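Alright, structures below, take your time with them.
Paired with chain B in one complex and with chain C in the other, chain A is shared by the two complexes that follow.
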Partner chain A sequence: MSDEFTLKVWRGDKSGGQEVEYHVPAETGMVVLDALHHIQHNQAPDLAVRWNCKAAHCGSCGAEVNGQPKLLCKTRMDDYAGETVSVRPMQTFPVIKDLVTDVSWNYQVAKEIPLLEPTSPAPFKMQQIDADRVQEFHRCIECFLCQDTCHVLRNHEGQQKYFGPRFMAKIAEFEMHPMDGEDRIPLLAHQAGLNMCNVTKCCTEVCPQHIRITDNAIIPLKERVADRYYDPIKILLRRLGGKKGEPGKANTPVAN
Partner chain B sequence: MAQPLETTSAQKPKSSAKPKPYWVEPLITMVILGVWVLYSLWEVFFHNSGTYGNYISPYFSPGVGKWFGWHLLDGLYVAWVPFLFRFSCYYYRKEYYRGFFWDPPSCAAVDKPRPRYSGETKWPLAINNLHRYFWYLAFIVLVFLWKDAVQAFFFKNGFGVGIGSLLLLINAVLLTFYTFSCHAFRHMVGGRKDCFSCDGKPTTSYKLWNRVSSWNMFHGTWAWASLASVWAADLYIRLLSMGVIHDVRLF
Partner chain C sequence: MAHETYETHEYDIIVIGAGGSGLRAAVEASQVPGLKVAVITKSLLGKAHTVMAEGGVAASFGNLDAPDGWETHFYDTMRSGHFINNYRMAEIFAKEAPDRVLELESWGAVFDRTQEGRIMQRPFGAHSFRRLCHIGDHTGLELIRTMQYKAIHSGIDVFQEVTMTKLLVHNGRVAGAFGYFREDGRFVLFRARAVVLATGGWGKIFKVTSNSWESTGDGAALAFRAGANLMDMEMVQFHPTGMVWPPGVRGILVTEGVRGEGGLLYNSEGERFMQKYDPERMELSSRDVVARSIFKEAQAGRGTPHGGAWLDISHKGPEYVKAKLPGMYEQFLTLADLDITKERFEVAPTCHYTMGGLRVDPETCATNLPGLFAAGEVACGLHGANRLGGNSLSDLLVFGRRAGMGASEYVNGGDGFAPIDDSELQQEMDRVLEPFHREDGVNPYHVHERLQEIMTNHAGIMRSGPVLEEGLNKLLELKEEARNMGINGSRIYNPGWHAVFDVENMILLCEGIIRSALERKESRGAHWRTDFPDELPEWQKINFVESYDEGKIRIRTEPVNEMPENLAKLFTYGKAPGLAKQAGGKES
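Here is the complex of A and B:
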């Protein structure tokens, strides 16, 4: 390992900016956030970087390292031995300063998703096999790296048309819950823009929590939307049965 | 307990190799799928039969043309089924959107804004939402491919094993895994349900869904392997019928 790392850190704000080169002494086990802290403490005290837990649990330090969306606290410098490490803010969101972006759009989207609507009053019991499926989505730390890499939001300016993968996982978490009685399929088909997603799996590739967003959330939800809006036989059967929508969820508590 | 449909959080060992440029993967996809489509068009539009002895090419099975007395471009009546099944497959969608549409070319690239992008909300790409129907049709074709695989072991002089028999058998096995690891099938057998144990014990649909989920994790592998096996089986039979090679009988 060489004695120092070279970083090019994007510095600027919404009016523009550029990459500035820094040299940081190498230390064993150093992560990109450590290198940025060294720069902050010794060379550029005004460098803005958002962080909190430094343990890949809070989701604050999302940025792009050599173009790849990463958590700065989980990305080791020695993965880039011999390379100049470029650190830029997430490009899907507006920059506030340096590596800090304004992710507030995500919180606005979150408010538009109906929360869990229990079919019977809590506390309720369910078996582990049912909890497993939704618990995968509970691992999300809302770092928004999936939103950053999603090309619908990133390249096609799709914020008005698509909620993004983070919120597909959120909706799946509620929609697949055994005790939920809310119907979010119309929301998915229209306002949430599920079919803007073309299942190219970048969100799954960058997820630091290893949630299989595409396979376990987006595709199952697409199939549910297909049940309701695209499957001609199911549509015909529903019309013959005089039902506009699907039958309501009639879940019953697990027998003890 | 971790469920089989999740990835483990264990980190893979880091490769010391420098990452490839972002365009390498989509380019490889474009070349392989492009050559396969061209080969398929040549096979379907320039040949009327895919039979050699007891071997039947997967491009020409079942012989729908023969059933109805149509003898022009026999493969055309069937080949559209596996083609549309693969075209609407959730795995191939990832590959061709990245490879041919460059939507996106890579997860790290930032392209120029294209506000006309409409994803799969409009026709013709909205046809991908009917993947289940192509699954139903592909399942019927698969039944005939198994019949062909068994038939490939019965020669004029009785039971035997040739290279063609093995290729058709491997093809049927790989296509079975590809078909039954499908995301739409996973939804059909149990994924559409919210509760797997509301009557107090795991339901049959949970067991099926769980099994399909474990196969589904390798759906991409089955997709490429079965594409190669279809290609290999057809090419072998085509070369036999052209007289380029002779069938090797193991016994």
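Here is the complex of A and C:
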């Protein structure tokens, strides 16, 4: 290992900025956040970087390391041995300063998702096998790296059309909860914009919690929407029955 | 200096802090019709230190061990607190914890399940029964996320990334709080009829700590300066098992769940050394005992290469470890290149929790300052001299709710908004902006590092009178120097600026800790004095209470409340009440 690391850190605010080069002494097992702290404590006290736990539990320190969305506290400097490490803010969100971005849009979206509506009061009787299915989504630390990488949000500015992968996992968490009685399928089909996702799995790839967002949340939710709205037999039955408006939840399987 | 302005918001109740207790308090208050409630946090929503809790939330359901009940949970809590706890807080806590956990379940938390489909409970240090409801090893994340979504659907306004610098008081009554938005440094006044503090602890006073950036004791310091009393400040918990290697991860928590799930501790000679210190409970002894044992082994030359002990869970097999401790598996693999399903790993004590804090009324969480309430780690009384693992999360829920109720009742029965003194705010804005004008100012990060060094060397896991005295002198020197902390850059999201106030708060609380530690001339729970190594009965009767008066800390003793007969009886069976009941009520 060489004695020092070289980093290029994006410095600036909404009026603009550029990469600034820093050198920090190398230490065994150092993560990118350690290097940034060294810069902050000794060279640039006003360097803005969000962080809380430094243990990959809180999801505050998402940024782009050599172009890849990463948690700074979990990304080792020695993964880039011999390279200059470039650290930039998440591109999908408006920058506030340096590595800190305005992620408030995500908190607005979160308010749109109806909570669990239990079909009976707690304590619930629930088997581990049923819990397993939703517990995967509960591992989410809301780092928003999936939102950052989702091309609908990143390249097509689809914030008005699509809630993004984080919130597909959140909706799945409630929809697949064995005790839930709420119906979020119309929300998915319309306002949440589930159809915007074309299943490229980029969100799954960057998830630091290894949640299989596309396979286990988005695709099953797409199936539920398709069952509800596009099943030809059901459409026919609805027509024969003369029903109008929104198809009811009773038509959808509870689990698949 | 140019005339500064501030924006004003008015709420019936503001909750400062958005961890488990703050969110629970806000949700409770929001259910009272007509009350306007806001939560103010210095981080983003959902990032508070609660997220770091791993092992579980303690509640005596008895889903696996039927004889468990509130009496035994109460008994374990008092016993581990070495009886300087407020018994009434412990009683309320033990009785109400199960309902609070079920509430979480109905709001969307999904705990691990038993064969019968009920909430799974795991064993933990010094709990008489399997009691910790959990979701793998990320129970705190589950708690905060559930509360966060409940809160944003409860009509509560949330202000994120706000630094509060002053608690406002008018004629001895709380009037609100003042501070600035981190995003752009603009000042903000929150007028409020009641304030709930839920700002957590101050574990960042030590270098080796499991605590996140936020744990700088802001709420405790603000309230202390405003006239609220602190208690049991000498009581700081060191968790026995923090990561040790590599250097960057030193202090990061290794959940007690590793030992709860069967992990074993060894010294460098391959000996299960807990045999010597607590042969009955072994690895699952209370945290103070296990932390001290690891420390003593290392001091005696039987430590691991980096001065800790070995912890081994590999005998449970990869499948089990990955299912029950997925976070730990990932944490070691990523940060230490180590597979805990195959290898043992090094652990050493790390600062984890502050038992001391604002003295509160057990029923309402009211402090001595009218209109000010406190819940969670910032409050004091439940845990005594040592906190049980898993009791923190249920503490947040039980007393978060009670603080929300207490504040609502106070507001409904009380007066309107207290007046605000504009000149006081002008002065405060000048003070807060001063670090920008000190061109040769001291770097706040370096002051913080030196503070941590003083606390580690003088007021850490092992203490003695002369060493504490020396530490106090060094601290007072540093306090003087810190008056000159300065920073550069703009007011837009400037962490150096924010650090100035964090450091000021920590310095104040550290002085409180050292002064209290000097007064308690015995060893009790987490407070270990080598010059007074024994736990002495007469010291069990008192708590040290601190007040702040014209820039000086005053310290006095208050009697520990005596338990009524029905509770005192629980300690006469010679074993935990549930175990006594199991044995047919016979004493052993």
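Simple rule for what comes next: the second predicted complex is superposed on the first by the 236 of 256 C-alpha atoms of A that agree within 3 Å, B and C clash if a C-alpha of one lies under 4 Å from a C-alpha of the other, contacts with A are read in each partner's own complex, and residues count from 1 in each chain.
Convention: contacts are C-beta pairs under 8 Å (C-beta built on N, C-alpha and C of every residue); 3 or more make two chains touch, one makes a residue touch a chain.
Note that the structure is predicted; figures quoted are calculated from it, not measured.
> Identify the partner contact of A:D215: answer first if only chain B is touched, second if only chain C is, both if each is, neither if none is.
first
> Give one of first, second, both or neither to describe whether A:A226 is in contact with chain B, with chain C, with both, or with none.
first
> Kindly classify A:V31 by the partners it touches after superposition: chain B alone (first), chain C alone (second), both, or neither?
So A:V31 only meets chain C here.
> By the touch definition at the top of the document, which applies to A:A169: first (chain B), second (chain C), both, or neither?
Neither chain B nor chain C is touched by A:A169.
> For A:C53, using the defined touch cut-off, is the partner it touches chain B, chain C, both, or neither? Pick first, second, both or neither.
Touch status of A:C53: second partner only.
> Tell me which partner A:D13 touches in the superposition: chain B (first), chain C (second), both or neither.
Touch status of A:D13: second partner only.
> Once the shared chain is lined up, is A:E64 touching chain B (first), chain C (second), both, or neither of them?
It touches chain B, and chain C stays clear.
> Mind working out whether A:A192 is in touch with chain B, chain C, both or neither, as first, second, both or neither?
After superposing on A, A:A192 lies clear of both chain B and chain C.
> Classify the contacts of A:T200 with the two partner chains as first (chain B alone), second (chain C alone), both, or neither.
Only chain B is touched by A:T200; chain C is not.
> For chain A, what residues appear in both contact lists, the one with chain B and the one with chain C?
Comparing the two interfaces on chain A, one with chain B and one with chain C, the shared residues are 126-128, 177.
> In the complex of these two chains, what residues of chain A are touching chain C?
Counting only chain A, the residues touching chain C are 13, 27-31, 34, 40-42, 45-60, 74, 76, 96-98, 100, 102-104, 107, 110-111, 113, 115-116, 118, 121-128, 131, 134-135, 138-142, 173-174, 177.
> In the complex, go through chain A and note every residue touching chain B.
These residues of chain A touch chain B: 64, 67-69, 79, 91, 126-130, 132-133, 136, 149, 151-152, 154-158, 162, 175-178, 180, 193, 195-202, 205-206, 209-210, 212, 214-216, 219-220, 222-227, 229-231, 249, 251-255.
> Hey, which residues of chain B end up touching chain A in the complex?
1, 3, 5-9, 14, 90, 93-94, 97-98, 101, 103-104, 107-115, 117-121, 125-126, 129-132, 183-184, 186-187, 191-192, 194-200, 202, 206, 216-217
> Which residues of chain C touch chain A in the complex?
43-49, 51-52, 102-103, 105-108, 110-113, 116-120, 135-136, 138, 140-142, 145, 149-150, 152-153, 158, 160, 183, 212-214, 245-249, 252-253, 326-327, 330-331, 334-337, 443-446, 449, 487-490, 492-497, 499
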